[in-house]
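First chain written, first letter: the chains are A, B, C and D, and each begins at residue 1.
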Amino acid sequence: MFEFSEASRHYQAALSDFMDRHIYPNEEAYVRQLAESPSRFAALPLMDELKAKARAEGLWNLFVPPSLAQFCDHDGLSNLDYAPLAELMGRVLWSPEVFNCNAPDTGNMEVFMKYGSPEQQERWLKPLLAGEIRSSYAMTEPQVASSDATNIELRIARDGDDYVLNGRKWFITGAMYERCQIFIVMGKSDPDNPSRHKQQSQILVPKGTPGITVLRPLTTLGYDDAPIGHAELVFENVRVPKENLLLGEGRGFEIAQGRLGPGRIHHCMRLIGAAQRSLELACQRVTRRSTFGRELSQHQSVREDIAKSFAEIEMARLLVLKTCKRMDEVGPKGAMDLIAASKISVPIMVQTIIDRCMQMHGAGGLTEDYCMAEAFNYARWCRQADGPDQVHQMALGKQIIKAYAE
Amino acid sequence: MFEFSEASRHYQAALSDFMDRHIYPNEEAYVRQLAESPSRFAALPLMDELKAKARAEGLWNLFVPPSLAQFCDHDGLSNLDYAPLAELMGRVLWSPEVFNCNAPDTGNMEVFMKYGSPEQQERWLKPLLAGEIRSSYAMTEPQVASSDATNIELRIARDGDDYVLNGRKWFITGAMYERCQIFIVMGKSDPDNPSRHKQQSQILVPKGTPGITVLRPLTTLGYDDAPIGHAELVFENVRVPKENLLLGEGRGFEIAQGRLGPGRIHHCMRLIGAAQRSLELACQRVTRRSTFGRELSQHQSVREDIAKSFAEIEMARLLVLKTCKRMDEVGPKGAMDLIAASKISVPIMVQTIIDRCMQMHGAGGLTEDYCMAEAFNYARWCRQADGPDQVHQMALGKQIIKAYAE
Amino acid sequence: MFEFSEASRHYQAALSDFMDRHIYPNEEAYVRQLAESPSRFAALPLMDELKAKARAEGLWNLFVPPSLAQFCDHDGLSNLDYAPLAELMGRVLWSPEVFNCNAPDTGNMEVFMKYGSPEQQERWLKPLLAGEIRSSYAMTEPQVASSDATNIELRIARDGDDYVLNGRKWFITGAMYERCQIFIVMGKSDPDNPSRHKQQSQILVPKGTPGITVLRPLTTLGYDDAPIGHAELVFENVRVPKENLLLGEGRGFEIAQGRLGPGRIHHCMRLIGAAQRSLELACQRVTRRSTFGRELSQHQSVREDIAKSFAEIEMARLLVLKTCKRMDEVGPKGAMDLIAASKISVPIMVQTIIDRCMQMHGAGGLTEDYCMAEAFNYARWCRQADGPDQVHQMALGKQIIKAYAE
Amino acid sequence: MFEFSEASRHYQAALSDFMDRHIYPNEEAYVRQLAESPSRFAALPLMDELKAKARAEGLWNLFVPPSLAQFCDHDGLSNLDYAPLAELMGRVLWSPEVFNCNAPDTGNMEVFMKYGSPEQQERWLKPLLAGEIRSSYAMTEPQVASSDATNIELRIARDGDDYVLNGRKWFITGAMYERCQIFIVMGKSDPDNPSRHKQQSQILVPKGTPGITVLRPLTTLGYDDAPIGHAELVFENVRVPKENLLLGEGRGFEIAQGRLGPGRIHHCMRLIGAAQRSLELACQRVTRRSTFGRELSQHQSVREDIAKSFAEIEMARLLVLKTCKRMDEVGPKGAMDLIAASKISVPIMVQTIIDRCMQMHGAGGLTEDYCMAEAFNYARWCRQADGPDQVHQMALGKQIIKAYAE
């Protein structure tokens, strides 16, 4: 079995306990508060209360790895150690924010930690780590297949001491949120560079910069993921000082590569939590309903679905844990095959599991009375997030063929 | 091949033409009008305009079968003849209402035609056929597995010249809609009757009757299906005159049986239209996008998905047409096996096809920019509507085993 | 529903009756006779007895279409009319030969009827139609992907008044059979022709011609399909007179195109019969076994599998019938999309259905005690026969995309 | 990651090396020797040569666990340590016998080690451990659903100092093999015992005992698994001395429980090896074939299939390793849930993976030219062996529901 550190085991117990005391009992209240909120993308008072509690109990910024521990109040948790924590948070979709561990802020904070200048860290990372502001990562564009990052077209042009941005982005998670203050924007600074991986740069753009239009929130399967949300953005002659550039011109692709591996795995971890909880709900449901004279739990097909789901969750979890271990040992690049294997396997598996669990709940299983429908949307969405599965299958297939074809 | 009557072929051409002229060009306007509507469940001006046009062109109440042709302005269309029309309407989810052919009103109108007294027909059927009011069919209950109709608990108690209703219903499609004026309510009038299929009655309850609380709209996968919607309703001492009873005490199960067969098949027809349109959108999409140097349409996996979807749509459509033909020949009861076969096959197939087509659209495929995500929800929902697939598999499996086991 | 001619309905009844009287009662005897045969590929006495009976009852050469009726003793049966007959024969894998309707002889006889000279017809077609000799169609080659016919390498070189053949073939169905006397061989007569579809010719090669080595029988999933079998053949300087050429030099591709469409559909028809029979066996089985206190037929998962299989068989059958109808109306070329749709859908569906039915039979379901295991192999094999499904998906996908992409 | 002991790592390297030197180079010779063998179930000289070599290199009886190390020449290998070794052996289906690690002898030897008397061990275990004789485990019966062991009907009746056996068994692996000398037979010694799990006993029956008829070899999907094979046996008044009873009257169920857990897991381990090898073969194949102008390896659907197979093998392997670890820690009983999860997941997954890999090989993939078709049969067969998956899903589903339903 995979061995977790003592710290991880401590946090697992503490987090599980926190969820029992503060998260599950507040699920209905959260939904209600969001429904009654004057704006879909306003911060909710309940969230702030819970954040304060989580921080007070030391359940804060748990995503930070040991190599970056100087930025947080604990000693850092490896990917393996963090996995069961992210799984626990995945049981309630909105809960990661309570622990300052929600996407895309976790990935963005890592970018700041690794590539930010001291001034950039002071200005943006500090309030992000404190949970005071939120951030977005602006990569995907509506008019091109952004899974191939070399397709990206947003222009970042040097003009004196500034850079000027023109282009369009969408699915910019967090950009709708009223707390969001900073965008990390990927674009082309050198579109004619013969090396297709040196044409891109990443640059910091404060949300309120003139020329930015937050066009609209996007939905997936009917969900707007409020208050965090996904936005479509237009950049028209958006001007920022040259100091806002991250790492250096032409290094945008490099930053993107480093950022996306762990992000994909965090999604997988959370999805496993969502599947596990759906399975538990289904087990409870089938002992409380009867049709045609038998408790649902006694129907052979129900037992088969439960058994398959249990086995699939075990397999998905083990694959993710192995991927984490490998990432901890050799870094995301050396774990590329396992990251891809997780990315193409876990979301589709979780989608199928939750589909079954909803079905066992009857019509109600599809409603907002349960967490499953929204988790189903999350799983479905992850088959597109960070690139459609097909792109990762292409890369992984190529790598495996090469490895065995001699 | 299945032969359609000349009337059906005429309507197919006229309807297809109408959709080209009035429906597709208004899809964006419809979404916008709904989004800007002061209430989610208000009638939309655009709908009224389109209804007037459709009626003027004779594309009205096409669901009415020959046996009930006295109630409509055409000679009636058999199930087979209606199938390609419903498929066309299924290409735009909200369009059936334009032609006064939307669920649950079609099924309810049939109930009125077959079982209503002349007074009931005058009072409710006439405005329904005119598209002036809308109706609901209140069967499903939250606290019991309603797919087994004998589980239903809402009480319909005789009290002098009245009946008094007490109970709870949910997933009552249309009940949220401001145009909805009448509920057909299924409940137990004789819970102690030794025959479990004679305990139920159906009764007419005007929406505004005191004691009814429209508790809330329900969502499925995040969709509220506004403005028609699905409601949760509470009945507390709701009193209606005894004349509101349909057909007679203890005949509720009989009415339900007659109503549901065609309803399921209408869903299947519309779903096939939704799948067909999704396939067409995917074909267009893959010729407009390139990744890694190749147009999507040239990827072998894209072609495989398109080919499979084409074949599956053909098979689903043929199964539905055969079912229609059989229903026309021997009635829904004699076509029970084929109705069940369609019910358990078409929605899941369509869900899978639309899932593929969305995936070929990238992240955008999941948004409201395309009709696919909402159609996906419709397909998913139909695996529960009119009873979960499992219940129909149980009944069909039993019937087939009996037929072949000697 | 699809309407069958009176002739077809007559033959359906007669064939079904013949199977009841002579085929099913001889299934065990056939297996035994084959097992005890001195050679795996010898003709079996039982087959000869049954052929005589079938011919006497007029159940002979039913595959011959109306356009070629001059070659047979009936008026010809359209593809649609033949479909239910082929389905019936598919219920017992070895039975098509009884009616002189087995692959590859049916396709080969069609080639002779359409493209053979009077001399060729007299010499080969006549005894084939009489069931006295058997034939093979030698197309697939081991060293190239033969699904792309332009890859074929066997050389057909003109030398004076002869053609000389050099090359290797495999999966040559029937070539092992002792009754087989004639091969139709596809090869390249003009490898440098700029038109890649004019490089091929087809030529008649008597089995005993010097230079031919019947290398070995091939198995698929452990089955040798004896006595018909599949052979690997080597051609070394095999010399035949120029009169043996079919149709003309460079017209091999054209002949192949015409031959393969109906062949694929015949496989589908027979597979549907195999699936239908497996389903019937499963229905019988589950009423005769109990586990854990319940008859298998009462397990919900058993009913679900039976219900799904019933629905899938209906859909597969309808797709094949529609394909036949279209072929009858516009020829195989105009029905290319539906032929491909059948080819990629029916074998995999039938494989899945039989897999389920075997599973319901316990361990015995995989043995030779039932017809299912061998039928499973037939379905699996058909996913490769006449080209792997993937090639047909590629072509069909391309065609559909083009049709809808504007 | 799961940590293997130094001993396991040593054996992994040695075994892998042995396979490179002696197994892979002899695959063709083995097939040929079997084909030319005068009897399907005779011992092959090649096997004896290889066994001598393996034993000489210390690759012998590696399945023996530490708790039973007194019976072998090494210190025992835990389930976890043995897993990668069994996986390696699974790459060539007949190779486990080379290392005296083949089913059913491994399980039978464990029965002798744990439950045999010193006399029984001397007489049967010793030559089994030396690879001199083979054994069978006779449990399954043709006329009852044997997955529910309480259904078993073979009668073991006490008569003076003897037991007399009457009944019928089938799928008795190894019983055809000429080296097989001893059967462990499960039957009912006390059919009227009110405890349904105390009615059974297990008893030793030498193969040559009068009254035993070896009726016939059984095939699965056309394979007879020669020379080990699966037999149908009849017991008519078969008389053995009372000393042949194992453990004690009424303890047959207890022995069966202990035997089957590891057996199922060994099958899974070997299947993973078979899948892994099929994947490797597919990777090699797709770089050596071209269709329609592209190498197969460049087709997106090929890459997707390779990528999915890689991910699934990883997941299956991890699940099995976790199961092993748990078995090592708490015994098979405490690992029941994971054993069942492996049993219901691994064979079906491997069947699917091998199906894909065969398909990438074209028609040849189904023949005896590759190891895949027979491995496919092994995977398919394992969905029935030790009880159909459905029975294990029933038990596992029940257990999981109970665990989470509160």
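One rule holds for everything that comes next: a residue touches a chain if its C-beta (ideal position, glycine included) is under 8 Å from a C-beta of that chain, and two chains touch if they have at least 3 such contacts.
Keep in mind that this is a model prediction, so the values were computed, not measured.
Chemist: Report the chain whose mean Cα position is at the greatest distance from that of chain C.
Modeler: A
Chemist: Tell me which has more C-beta contacts between its two chains, C-D or A-C.
Modeler: C-D
Chemist: List the centre-to-centre spacing of chain A and chain D in whole Å, with centres computed as mean CA coordinates.
Modeler: Distance between chain centres, rounded to whole Å: 43 Å.
Chemist: Which integer distance in Å separates the CA centroid of chain C from that of chain D?
Modeler: Result: the chain centres lie 37 Å from each other.
Chemist: So how far apart, in whole Å, are chain A and chain C when each is placed at the average of its C-alpha atoms?
Modeler: Spacing between the chain centres: roughly 53 Å.
Chemist: Residues touching two or more other chains, restricted to chain D: which are they?
Modeler: Answer for chain D, listing residues that touch two or more other chains: 299-302, 304, 390, 394.
Chemist: How about chain D: which of its residues touch chain A in the complex?
Modeler: 1-2, 279-280, 283-284, 286-287, 297, 300, 302-308, 310-312, 314-316, 318-319, 322, 325-326, 337-338, 340-342, 344-345, 390, 392-394, 396-398, 400-401, 403-406
Chemist: Help me check something: in the complex, which residues belonging to chain C touch chain A?
Modeler: 299-302, 304
Chemist: Which of the residues in chain C come into contact with chain D in the complex?
Modeler: 140, 142, 145-148, 151, 170-171, 218-223, 289-292, 296, 299, 301, 355, 359, 362-368, 373-374, 376-377, 380-381, 383-385, 388-391, 394
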